[in-house]
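Chain lettering (A, B, C, D, E and F) follows the sequence in which the chains are written, and residue indices restart at 1 in each chain.
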């Protein structure tokens, strides 16, 4: 069966649980972005709920990025991509920044940073 | 920037947090499968860890599938895909079954069930 | 010692953790209902807290119902109670709906749906 | 609709989330007990899973008891039931003790302690 | 290497996980206090976030105190410090009270209660 | 009241929840170390429990370190301590490594890395 939208998940093999995919962080960041987009149109109670949910989703973005950074990436990846630490630091900081605002530009910046990480991730998979 | 493996995440728009993607369940199920595959080659302590992690990952599969079933799918989807309830019931039961075994065939069955759900999900997105 | 209000918990025996009881979902749904009832009388900060706690309690309702649906109920139960899937789908959707409102009628509807599930649960226990 | 096994949940009204019920701790303790009972009959992997699940269930017993002790009970209850602190201390310690053993007598002792707490709880409800 | 601010962590040895330290509750209570202090200066969205985070931090205070009370303290400690139960009950109740207010005096009271517990903890370590 | 072992918690003030302390990671790492030390003396069931608890404690170490890295440290700290990223990467990787072994030397290495981070943290506090 061909699935056009679930691409093969990349397996990383030296650990019992060796499956990593930047899509996990990306999906949560997309959720943060969508909440920002809908925020102004919500009534009082749902504005409140939006803040609660955005807080949780941004935390999940951080969580997924941290796991990727610590568990997936290896010294040889860092040699080839020396800005790796900085990228993850900025992206997780940006996830925190998204908690404090409903400015979609901040949400887009987070998505772009995750895409940048995903590009490096893809490059390490091809290598 | 083109990302070959992170496809656009599908947004579902009548809720504050409207992003759904079967990939979330799929990634965790892939993790369950990989743990099964490595199990026999592990030493005592890591066999133990594998069971712990498989337990958690299978729970996450259930969690992501339940959210998809309850929160994403609507009565009009059910009209077109009347086996939807049964599919989710069987897939979440299968995630539970994967906790009790390291038989890869059981893990593969779970992956296939999620792919079947993902195909329906994709069809509802095109509609 | 006789306890008038803690009835025997029903044990379901083919799993290591075989105890199920719809009371778990019911207690959390009752909490959702009580929060709705007190909402208007609360000050600003506690209104906010009420929304946070209602969000969590409604999530617990969903969680307990999902576990009951997937883990307790078996095909033979479904044969006798063919509306089982629909009941759980509607009840978990209703738990989600209760997050967006403080209308007690919505909370009561959730309680009624759980009672309906509990009646079926009781019937399967007697069988 | 009459439900023979879900008794009315007792509402406690001076808080936004004012629903308490010792049944929550009791259900988890029953689960601990059932796991102990099945333990010897399980295969290697499921023995392992039993320990993992017993650990979690015993934690939930502690959690539900702690919440009841701190959040539900008031100084006037303590005046009438001066052994309340000791009872909760012993019961939560016993939940911890149940993690280290599969001796059903230890599980039964935990159930009895919870029943004793539940009797006091019921008495405070009638008052 | 001398660390002026991380004092040796006190190990308690009859359990697999035998490390206890009142600092865990203290740090979370300090966080509750700081949130109260900043509350009035925050904008609307961050006021909301402050309430959410205060709710979580106060829960962590309760959690750490409960673990300390049930898991660390032994009957011989209670003999020497007969107000132990009452202290923990009041401190965990106070953590709950801090959820409902931004009055720093309430946060300070919680910090003082934890310090009182910590003094007893230190005394049991010297004994 | 003087507390010899709970040192003032360092407050970091530009966020609603601005309290950070490397002691949080240190306490969990000490727990990992103590579990390793006791492991050989435990019976079968408690060996199992030790692995479960070590897994959780090591995760908490990672969690506390990640929060410190992303949320507390600022670009000006990085300027003065250019090995900061590498230190956190190695320490969180080491927390992961401690899950796979009961070798106390690995636990000690983790403690040393956290102490090194704590020294930098202290230096930024004095500045």
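Methods note: a residue touches a chain if its C-beta (ideal position, glycine included) is under 8 Å from a C-beta of that chain, and two chains touch if they have at least 3 such contacts.
None of these values were measured; they are calculated from a predicted model.
K.L.:
Minimal path length between chain B and chain C through chains that touch?
P.N.:
When the steps are counted carefully, the minimum from chain B to chain C is 1.
K.L.:
List every chain that touches both chain B and chain D.
P.N.:
The common neighbours are C, F.
K.L.:
Specify the chain most distant from chain C by Cα centroid.
P.N.:
F
K.L.:
How many degrees of rotation carry the C-alpha atoms of chain B onto those of chain F, rounded to the nearest 5?
P.N.:
About 120 degrees, rounded to the nearest 5.
K.L.:
Please identify the chain with the largest separation between its CA centroid and the CA centroid of chain E.
P.N.:
It is B whose centre lies farthest from that of chain E.
K.L.:
CA centre of chain C versus CA centre of chain E: separation in Å?
P.N.:
That gives a centre separation of 33 Å.
K.L.:
Just the number, please: Cα centre separation of chain C and chain F in whole Å.
P.N.:
39
K.L.:
For chain D, which residues are shared contacts with two or more other chains?
P.N.:
As it turns out, chain D has residues touching two or more other chains at 46, 48-49, 52.
K.L.:
How are the chains arranged in terms of who touches whom: line, ring, star, complete or other?
P.N.:
Graph shape, chains as nodes and touching pairs as edges: none of the named types, so other.
K.L.:
Okay, in this complex, where on chain E does chain C touch?
P.N.:
48, 51-52, 55, 99-102
K.L.:
Spell out the part of chain A that touches chain F in their complex, as residue ranges.
P.N.:
Touching chain F from chain A are residues 62, 66, 69-71, 85-86, 89, 92-93, 96.
K.L.:
Give the list of chain D residues in touch with chain C in this complex.
P.N.:
Within the complex, chain D touches chain C at residues 1, 3-7, 9-11, 13, 16-19, 21-24, 26-27, 30-31, 34-35, 38, 42, 46, 49-50, 53, 57, 112, 115-116, 118-119, 122.
K.L.:
For the complex, give me every residue of chain C touching chain E.
P.N.:
45-46, 48-49, 52
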